[in-house]
Amino acid sequence: MKITTDIIKDHGLTDDEYRHACKLLGREPNLTELGIISVMWSEHCSYKSSRIYLRELPTRGPSVLQGPGENAGVVDIGDGLAVCFKMESHNHPSFIEPYQGAATGVGGIMRDIFTMGARPIANLNSIRFGAPNHPKTKRLLSGVVSGIGGYGNTMGVPTVGGEVVFDECYNDNILVNAFTIGLMKADRIFKGQASGIGNAVIYIGSKTGRDGIHGATMASGEFDESSEEQRPTVQVGDPFMEKLLLEACMELMQSDAVVGIQDMGAAGLTCSSFEMADRAEMGMELHLERVPQRAEHMTAYEMMLSESQERMLLVVKQGRENEVLQICDKWDIEAAIIGKVTGDRRMKVYHDGKLVVDMPVAPISGEAPIYERPYAEPTWKKSLNDFDFASIPLPNDYNSTLQTLLTSPNLASKAWVWQQYDHMVQTNTVVPPGSDAAVIRIKGTSKGLALTSDCNSRYCYLDPRMGAALAVAEAARNLSCVGALPLAITDCLNFGNPEKPDIMWQFREAILGMSEACRRFETPIISGNVSLYNETGGKAIYPTPTVGMVGLLDEVERHATAFWKSKGDTILLLGKNNDELGGSEYLKQIHGKVCGLPPELDYDRELAVQKACRIGIRRGIVRSAHDVSDGGLAVALVECSIGREEGVLGAVVTLEDDLRPDALFFGESASRILISVAPQHAETFMMIAKEVGAPVAMIGEVGGGRLKINGLIDVDVVELREAWKTALPRMMET
Amino acid sequence: MHARIYVTLKKGVHDPQGEAVRHGLAGMGYKEVLDVRVGKMIEVKLGEISREEAEKRLAEMSEKLLANTVIESYRIELL
Amino acid sequence: MKFGIVVFPGSNCDHDCHHVITKVLGHEAKFLWHKEQDLHGVDGVILPGGFSYGDYLRSGAMAACSPIMDSIKAFAHDGGMVFGICNGFQILLEAKLLPGVLMRNQSLKFICKDVCLRVENTETPFTNTMQTGDVLTLPIAHMDGNYTLDRRSATKLLEEGRVLFRYCDSSGQVDDESNPNGSVESIAGVMNEQGNVAGMMPHPERCSESMLGNRDGLKIFESIVKAWTK
Amino acid sequence: MHARIYVTLKKGVHDPQGEAVRHGLAGMGYKEVLDVRVGKMIEVKLGEISREEAEKRLAEMSEKLLANTVIESYRIELL
């Protein structure tokens, strides 16, 4: 069949890319080969727009065992153990079909983790939707949440945290970023490598169907309309199959029969086979008729490009194939020997005895085009940033302003979401959703892990460099609030169309900000994901570089939660209140404005504040710790009061800073943590803070049924809690 | 008036539930079962309404709520 | 005591139960594979939570037809202690070892949260370390926990002391507001007539250590051991 | 051979799902919907088998697995 310019275009390849491909092949590709090239060189698989910037990210550190490049990164946590984690986006599929899109996103990220030999021990989800009153929002939220729960719950992996954000910039481009962390022995890392000539290539898991095949196949005579109809655009997840796959893989990995393993994710069999062969500098010979198939009469093109879920590709030592087949049989999953590793560094694919693909591995896999796309600071930025806050009127009634903020969907309780997730299975969840970070214990050790995901995309819109740095800072702060030392991060970079210079500029700035912050916090980036083209009708989402961060607690018993514990405890504030209203939730919710500059980040102060908090927790004197973020100090103080499940504890607080009251109450200056300690420990904590150079002040006392601040705010805790708790369910019901 | 709406997965869409049922039946000795697809049957009782009107309204309901038309198709039967 | 914990395809609380029995309770536990029929001489059987066979079709339906269930039915028939948690409870109902059906939660949503349970009968092998009227706090995590039985039979179960736990508020009051899933008579756990087979929706294995919030769940495992020791 | 098994809740058994659908439809303005019951339709493909045999085997499968006869009834349709 002749490859026409239309077919090339439909496959998303530029003329240059096609010419380059012909040069690498030494001839024109056939249709199957063209399909392979198009997916291997897609933005998704090749990172062609982002790669040159991603090089800026710090990825190394003393405890990093595996950085970016494999299916997920791995960090040493001592005791012979390591954790493996990564975050991935499933934005577009979730917009098309929220339940299945989100579910398969969760399924995909979990496969990335257990393919490394780690058993998944927790999930996070960072999800963003359009305005609460946008007609699509409720259906999307409800579908995404049940999809995430549906998959994670069935797998028996607890979903212990995350974030939910509403903003009209996501009206037509929601974000669904899923994170999984797994636990493994530090010396048993599995890689996606096809080494050892003659070793068997084994396919295991679900059968292959015509799911998620892209490419413009109508153009080809090979496909009639009915086969088009049989190509569902939406993939349906099967968490039950994946649970079996997980258990089978864990058992398979106990032996040394498995040489390499990789999940079939995006671009399915193509991507896994090419990447595995490339990493080992080998070739592969595949026989497609042996692939377990769900649909009839599948073509080579379809099988190579199918994105059917719940499948893995294994390379197994020659002669040990039966062990693998037996374990798969025990777990009732399909397994088939579909080929072998060769030494010629070529990918040779046969279908019914006919050679249908014959390509060099390395160039297709490793020499995808790389673009240095033009970037330029958007002209509109300056006018957004220059804003005279004197023009903002002060609220008449601070109590009602506070109530409005707390019942806005962004600040309201997210229990409606996380109660649909099994957050306790595996019986390790020491701090469940609701505090600044989740804490899970590691059985058999005294250790614990803390997990959080953060990003304030409004900050990133106003200043992507600062916004990205603040996302890292907030994540680290949230970990410090539960007493954990930040270890490493994964990211999910969600942006608009990179072919536009201002988007490329946002991307570049965000990377630079994130890189600097990671260096300062000594938290290398060990894995991540880029999702571009998040725009509709020319309108891009706010730049949203989501950060997933993992921290370590040496003694998991020594942790803190965000809520007041005892009447009479002294409340202290670490950090400084500045006159910063730019980008705040208050400006947006109360005044309908998105403007100014995000808060400043003083790294030294931030590090000192976090350190003081951690030391206080480790010494056992901190009774509660909660960082000040969206909504500012007043909101944070309320959260310390209303987040408690049992009993009522308010507080009386006096702030002495000479700022305009709305900036003092609702401004979002970075690097602040609210601490409560028993009164006899207040001085000790002040000393700790001073020793590490963190600004600190005693600002009040826990107790009573009301929260009172400076005589301007005086609210009933029980009433406010009720309003805060029911806001999201009420929004979903109406 | 009574009506039934049959909601089934579109052809080609993976049906893990059906597959699991088939596998379960095979395990119980029902090897003759080659394929299983699980769909929904929604029985609706309607108040005073003409057949035409009913047909129109049910189609609307199916599109909007009863079926997920991205992956499912539906068939309406008036009784 | 030697517990057998059944592993069905899709079980996911099997290791959690194993942990509590061996590490917290200090007894023996052995995994039993669903395709086998040998119970390996265990003294009691636990059907753990999870999503056996993906909970496709109906929760617990396919698991109830697995080979090991034949042996478990015989074991139960001979007076052996069998305890089902969450999905395990669903399986026991589908296997007709316990009366009733678990339907979809009233809210149609999966619910994971702590609930309060009132102990209804303390003279059972599953509750003998408790006091009548005790209020326990245990988590639930399920989609299909809406215990359904015609009202007459439900009342009869209550009268016969075969209801082990009912959902209640923190003061022990049973009312609609504290019923998380729509269960008839707020029933959270029941027992068979002979008193050797029981099932419940809440997860005792998730709250058997103080680090995880509370140890109320351990009382149930301790009761089982106490009953067996006697 | 192809067959369909319709599984429905018995009369009198409360159907939370059907109730929710009715409620949802009412909220969308479909006030004419008086009652909704959600059942299952299981489509089965069978290998070489006589109609009689099929009927017998399917009834058995329904009793044992496809329906929970405590609350559900079933109807078999051979195509």
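The chains carry the letters A, B, C and D, assigned in the order they are written, with residues numbered from 1 in each.
Going forward, contacts are C-beta pairs under 8 Å (C-beta built on N, C-alpha and C of every residue); 3 or more make two chains touch, one makes a residue touch a chain.
Since the model is a prediction, treat every value here as computed from it, not as a measurement.
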**Item:** Selected interface, B-C versus A-B, where C-beta contact pairs are more numerous
**Value:** A-B
**Asked** Using mean CA coordinates as chain centres, what's the chain B-chain D distance in Å?
**Response** 10
**Prompt:** What whole-number Å value describes the gap between the mean CA coordinates of chain A and chain D?
**Reply:** 40
**Request:** Averaged over CA atoms, how far is the centre of chain A from the centre of chain B? Could you give it in whole Å?
**Result:** 36
**Request:** Measure off the straight-line distance from the CA centroid of chain B to the CA centroid of chain C, and report it in whole Å.
**Result:** 34
**Junction residues of chain B - those touching two or more other chains** = 16, 20-21, 24, 28, 38
**Asked** Using the touch rule from the top of the page, what residues of chain A touch 2 or more other chains?
**Response** 238, 240-241, 332
**Prompt:** Out of chain C, which residues touch more than one other chain, so two or more?
**Reply:** 53-54, 56-57, 62, 65
**Request:** Answer with line, ring, star, complete or other to describe the graph linking chains that touch.
**Result:** other
**Prompt:** Which of the residues in chain B come into contact with chain A in the complex?
**Reply:** 9-16, 19-20, 23, 68, 70-71
**Prompt:** chain D touches which residues of chain C in the complex?
**Reply:** 57-58, 61-62, 65, 94, 100-101, 103-106, 108, 146, 148, 182
**Request:** Report the residues of chain D in contact with chain B in the complex, numbered from low to high.
**Result:** 6, 8, 18, 21, 24-25, 28, 30-49, 57, 61, 64-66
**Message:** Looking at the complex, which residues from chain C come into contact with chain A?
**Reply:** 9-10, 12-13, 15-16, 19-20, 23, 49-51, 53-56, 109-114, 139, 141, 143, 203, 205-206, 209, 211-212
**Asked** Which of the residues in chain C come into contact with chain B in the complex?
**Response** 53-54, 56-57, 62, 65-66
